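Multiple structures are listed underneath, in structure tokens.
Shared between the two complexes below is subunit A, which pairs with subunit B and subunit C, respectively.
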Partner chain A sequence: MALISTWFFVFLIASLIIYYILPIKIRYVALCLSSAVYMYFAGGILGTIVLASFVILGILFAKIMQSQFFSGEARSGLKRLVYIISMLLPVAALLLFKYINPFGIEAPMGIAFYLMTFMGFMTDAYQGAIREKISPVGAGLIIGFFPMMTSGPIVRYGENATNIKEGHKFCYINILHGIQRILWGTFKKLIISERCAVIVNTVYAAPDTFSSAFLVFAIFAFVLQLYTDFSGCMDIVVGAAEMFGIKLPENFDTPFFSRNVSEFWRRWHITLGAWLKDYVMYPVLHSELFRKFKKACKNKIGKKHGEKPALYLSMFISWTIIGYWHGGSLKYIFGVGWWFLAIIVLGELLSPFFGWIKRVLKIRTNNTSYHIFESLRTLMFVGVGLSFFRAASFSVGIDYWKCIFTNAQNQKGMLFSNDIYSLGLDLQDILVLIVAFIILLLVSIIQYKNAKKGTSVRGWLDQQNLVFRWTVYIILIFAVVIFGKYGQGYNAADFIYQGF
Partner chain B sequence: MSRQEILDSVNSVFREVFDRDEITVNEETTAADVEGWDSLRHITLIEAIEDEFDMRFKMNEVTGMKNVGEMLDIIAERI
Partner chain C sequence: MKNTVKTIVKSVSFLLIVAIIWCAITLWVRPTDQMTIYEEPDNTVDMLMVGSSAWYTFWAPMASYEACGYTSFNYAQGGMPADLMKYCIIETLKHQKPSLVCIDARTFVYRAENTVYITEDGKEYLKDNYVRTVSDTMPLSLNRMKMILDISPKLEDPLSNFADLLFYHDEWKQAMNKGTVVKGRDYTKGFDIHTKTTAYDKPDDMSGITAELELPESAEAALRDLLDYCSKQEFKTIFVALPVASEDDEMKMQYNYMSRICSEYGIPMIDSNDYSDEIGLNYETDFDDETHANYNGTTKFTAWFSLYVMKNYPLADRRGQEGYEFWDEDLSKWNGLLDAVFPDRVAGNTNENGGGN
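So, the complex of A and B:
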């Protein structure tokens, strides 16, 4: 049962009806039931068993670690043991089903996402970060709430998704906002992402037959494909949750307006980045071992730069995990991990030099044009990394780049000529893609500007008159139905991050 | 040590870590208010404060504190 399918929407409506029919105190029952049924149909019997096991384990471990029995220092060793077991189980499950996979079976649905939530939850429970009494319903739902099974978000008990456990009153605006978000996500996915996919698949299938211009173009088409795919998926997830009155954390915050790569990663797949920062990078840096390492470095190379080796080492660990998490192969470890680390470290090492250039050339940095320059530069770095993400393997990615540097003009591929049809889209598709892209760009600019003021696009839409609002909705619905790429030959059902 | 004295010491740590003499933080200051207070600088700052007061923050406090006031609460509790 994919997120964009008739079945999912029928299922969602049925769940909503049951949810709002039940008395408010037991509405969570509908969520638990829906989540179990959803997993059974979408993830099969194995997926259901694995999820159910971790939901039960999560509740048990969290309650045990929070219990009075472990409250003092007296049994801290035993508590530590419980914590270690609670962390080894998900790590073992991930390695077994996903990264090593000795039995050759398909990984149970969603484990790369909900087990991250699980491990963070265990850590919070162990450290006493959760002050309130842990509710079994809340604990079960942050792990297994069905909209999050496709691609997250990764949530934190008591920090975000805080209203997941209580029943919510029926509220027209929640339903409306939920439908808006789902519609917008479907627009991104079916109209933009699926068209980009055609271009990307065509070019990546035979990179040696295309010119450098087309090869570079395809890389940016993939960036757009991935963004509209993943963020479109998140729009549907957040929108579906919203219809139950539940607020899930956002995973994207207009990432392409970022001025540098680090900022990009704070605005792209936000909940994964936050997870790594809170549960990997900080603990590593804060550990006794690293503190000693830092002290030693400070004594050797001075106070100013003495912190850097420890910092870079901890970043190396985090970025390697980010890359590995995506699928374990070198193309991810390099393309989503080390490449970005290299850019960040190089950027920092060279910053005195760049600062000097800016001073000599008297470049003003506090204006829109410089911001655009920085965003384009960031986009370029992101494109290079993601070109490996898309390639079949790391070495195929290298070959792709060899083609970029050696395929000059002789292959098909002058942009702005009839060669453009060799990318797999006809004129109508290309025009639809361009128009949809402009709409996305405009909405993103409004989102970015509004975020600074604390307002939103939907807030703006809510203030318009009924006729205008419904015109927008109807245009969007028709656009998705008419221009969406679905049906035979298209696998719109599949989201890229669903595979992780 | 009074709360004001703790705040004064915290301020001098901030100035040293961010290498800017004009920085002054108060109870309500958050990371968003101080230029350069990002996730990497945060850990440097935490450790400089730990050295200054000869105490340790717990891991969940490192990631959980919302403003300088909460930082002062923890310091006051532990020195």
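So, the complex of A and C:
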């Protein structure tokens, strides 16, 4: 049951009806049942068993670690052992299903996402970060609430459990906003992402037959494809949850307006970045070993720069894990991990030099044009990294870049000529893509500007007159239905991040 | 309370607007190359032929009109599943009052072989393309909804049958360019002219076989459902097994079985394969393929069946009647078509090259 399928929407409506029919105190029952049914139909028996096992284990381990029995110093070793086991199990499951896979079984749906939530939950329980008594229902739902199952977001018990498990009153605005988000998500996925996918697949299938201009164009098409795919998926997930009155954390915050790569990663897949920072980077940085390392570095190279090696090393570990999490292969470790680490570290090391250039050339940095320049520069770095993400392997990614530097004058060369049709889209599809991209850009600008003021696009839309609002909704609905790439003769691909 | 009512009214109004636009766009992107009985003026069709493609190659309504003055129409689609016929009749009755409904019996015998498929897990489904040619050319009505609802357990993707815009949405590019295709009254009245000739040996005479062979359970269920419906209507019904170039024992025995079931409901059935000599069928020259006639076969069958109807179900001669002038207009277009397809044709004669009366 894919997130964009008629069955999912029928299932969602049925779940909502059951949820709001039940008395408010036991509405969580509808969520638990829906989640179990969804997992069974979308993830099969194995997926259901694995998820159910981790839900039960999560509740059990968290309860044990929170119990009075382990509260004293005397039993801290035992508590630590429980924690280590609770962390080893998901790591083992990930290795077993995703990276080693000795039985050739397809990894259970969404395993990489809910196990991150699971591990975060275990760590919070171990560290005593969860003050309130752990609720089995809350614990079960932060791991297995059905909209989050396929692609996250990765949530934390403390911030989300109560909100998910408590019954929410029926609220027209929640339903309306949820539908808006789902509609916007399907617009991004079916109109933009699926069209970009045609271009990207065509070029990546035979990069040696395209000119450098097309190859570079395809990289940016992939960036757009990935963004609209993943953020579209998140819109559907967040929108579906919102219809139950549940507020899930956002995973995207207009990432392409970022001024540098660090900022980009704070705005792109936010919950994964936050998870790694909270559960990997900072704990590593504050570990005994790293403290000693920091101290040794300070003694050797001085106070000013002494902290940097430990920081970079902890970042290296985090970025490697980010890459590894996407998939065991080098293309992810380099393309989503090390490349960005290199840009961040280099940017920091060279910042005095860049500062000097700005001073000498008297470049004004506090204006829109410089912001645009920085955003485009960030986009370029992101594009380079993600070009490896899309390639079949790291070596294929290298070959792709070789083609970029050697195919300057190739067969299919001119972007603004009939050669454009060799990318797999006809004129009508290209026009639809351009118009949809402009709409996305305009909405993103409004989103970015409103975020600064603390408002949202939906808030802005809510303030408009009924005729305008309805016109927008109707255009969106029929744009998706008519121009969406799905159904007859074309099956919309699954979400890219659903594969992780 | 006031706010709740306001919200409900607003939501319903919005959904209504969406539904209206949805229907309009559906009609815009739906296939337009199949003209239907729904374009005919009300209450002008006296005889309705319902079934598979066999009807539209064997029965030429305009030829029958020219000879006998009967107004008939082939509500026939290639591979029309037997399960849909009842709904086609119901939909037609909203605008027409046929005195006689002729049902293609072959549809039931061929159902298992042609119009359904069995999945690996043993589930029987109707072939989507055959369902769509019927459901997607039917007006957006409650009857259509009921039809899809009733057959939905036999459909793999019932949702896109309910909302056919989801299925045809990708046709928007073609829809934008289809200005040349004109919807309107079909002057052939659902006929499709076939001119190819495939020669066959004359099959053995099966008329002596009286044994019966059961239909598959689902085909029989569809048959009984249709018989039950037809037996309660004002119009008369007849089941017609149209000629095939190779009727075998099994088929004959299934027709016998069908015939007995029909008689339980007081509805007659005729196996025209038993009358091939009377019809004058020449198996070397009158078939396009095993199951379809070319125009030679059409003229022979149409002439024979027109006489059969004249003897058993006297229908009104509408030639020259007030309100039927458009049939004469259509007749001249029809003759124009025949002149174009068979430039050497002489009225009343057939040639040996697939057609031309």
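Note that in this section the second predicted complex is superposed on the first by the 491 of 500 C-alpha atoms of A that agree within 3 Å, B and C clash if a C-alpha of one lies under 4 Å from a C-alpha of the other, contacts with A are read in each partner's own complex, and residues count from 1 in each chain.
Note that in this section contacts are C-beta pairs under 8 Å (C-beta built on N, C-alpha and C of every residue); 3 or more make two chains touch, one makes a residue touch a chain.
These figures come from a predicted structure and were not determined experimentally.
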{"item": "Room on subunit A for both subunit B and subunit C (clash or fit)", "value": "fit"}
{"item": "Partner chain(s) touched by A:T6 [first = subunit B, second = subunit C, both, neither]", "value": "second"}
{"item": "Contacts of A:Q428 with subunit B and subunit C, given as first, second, both or neither", "value": "second"}
{"item": "Subunit B versus subunit C as contact partner of A:I474, first or second or both or neither", "value": "second"}
{"item": "Partner chain(s) touched by A:R291 [first = subunit B, second = subunit C, both, neither]", "value": "first"}
{"item": "Which superposed partner A:N366 touches (first subunit B, second subunit C, both, neither)", "value": "neither"}
{"item": "Which of subunit B and subunit C A:Y282 touches, first, second, both or neither", "value": "first"}
{"item": "Inter-chain angle, subunit B to subunit C through the CA centre of subunit A, in degrees rounded to a multiple of 10", "value": "160"}
{"item": "Partner touching more residues of subunit A, whether subunit B or subunit C", "value": "C"}
{"item": "Lowest C-alpha to C-alpha distance for subunit C against subunit B (Å)", "value": "40"}
{"item": "Where subunit A meets both subunit C and subunit B, residue numbers", "value": "none"}
{"item": "Parts of subunit B lying in touch with subunit A, wherever the complex brings them together", "value": "38-40, 43-44, 46-47, 57-60, 62-64"}
{"item": "Contact set on subunit A toward subunit B in their complex", "value": "124, 127-129, 262, 277-278, 281-283, 285-286, 291, 294, 307, 311"}
{"item": "Of subunit C, residues touching subunit A in the complex", "value": "7, 10, 14, 17-18, 21-22, 25, 29, 159-160, 165-170, 172-173, 176"}
{"item": "List of subunit A residues in touch with subunit C within their complex", "value": "6-7, 10, 172, 426, 428, 466, 470, 473-474, 477-478, 481-490"}
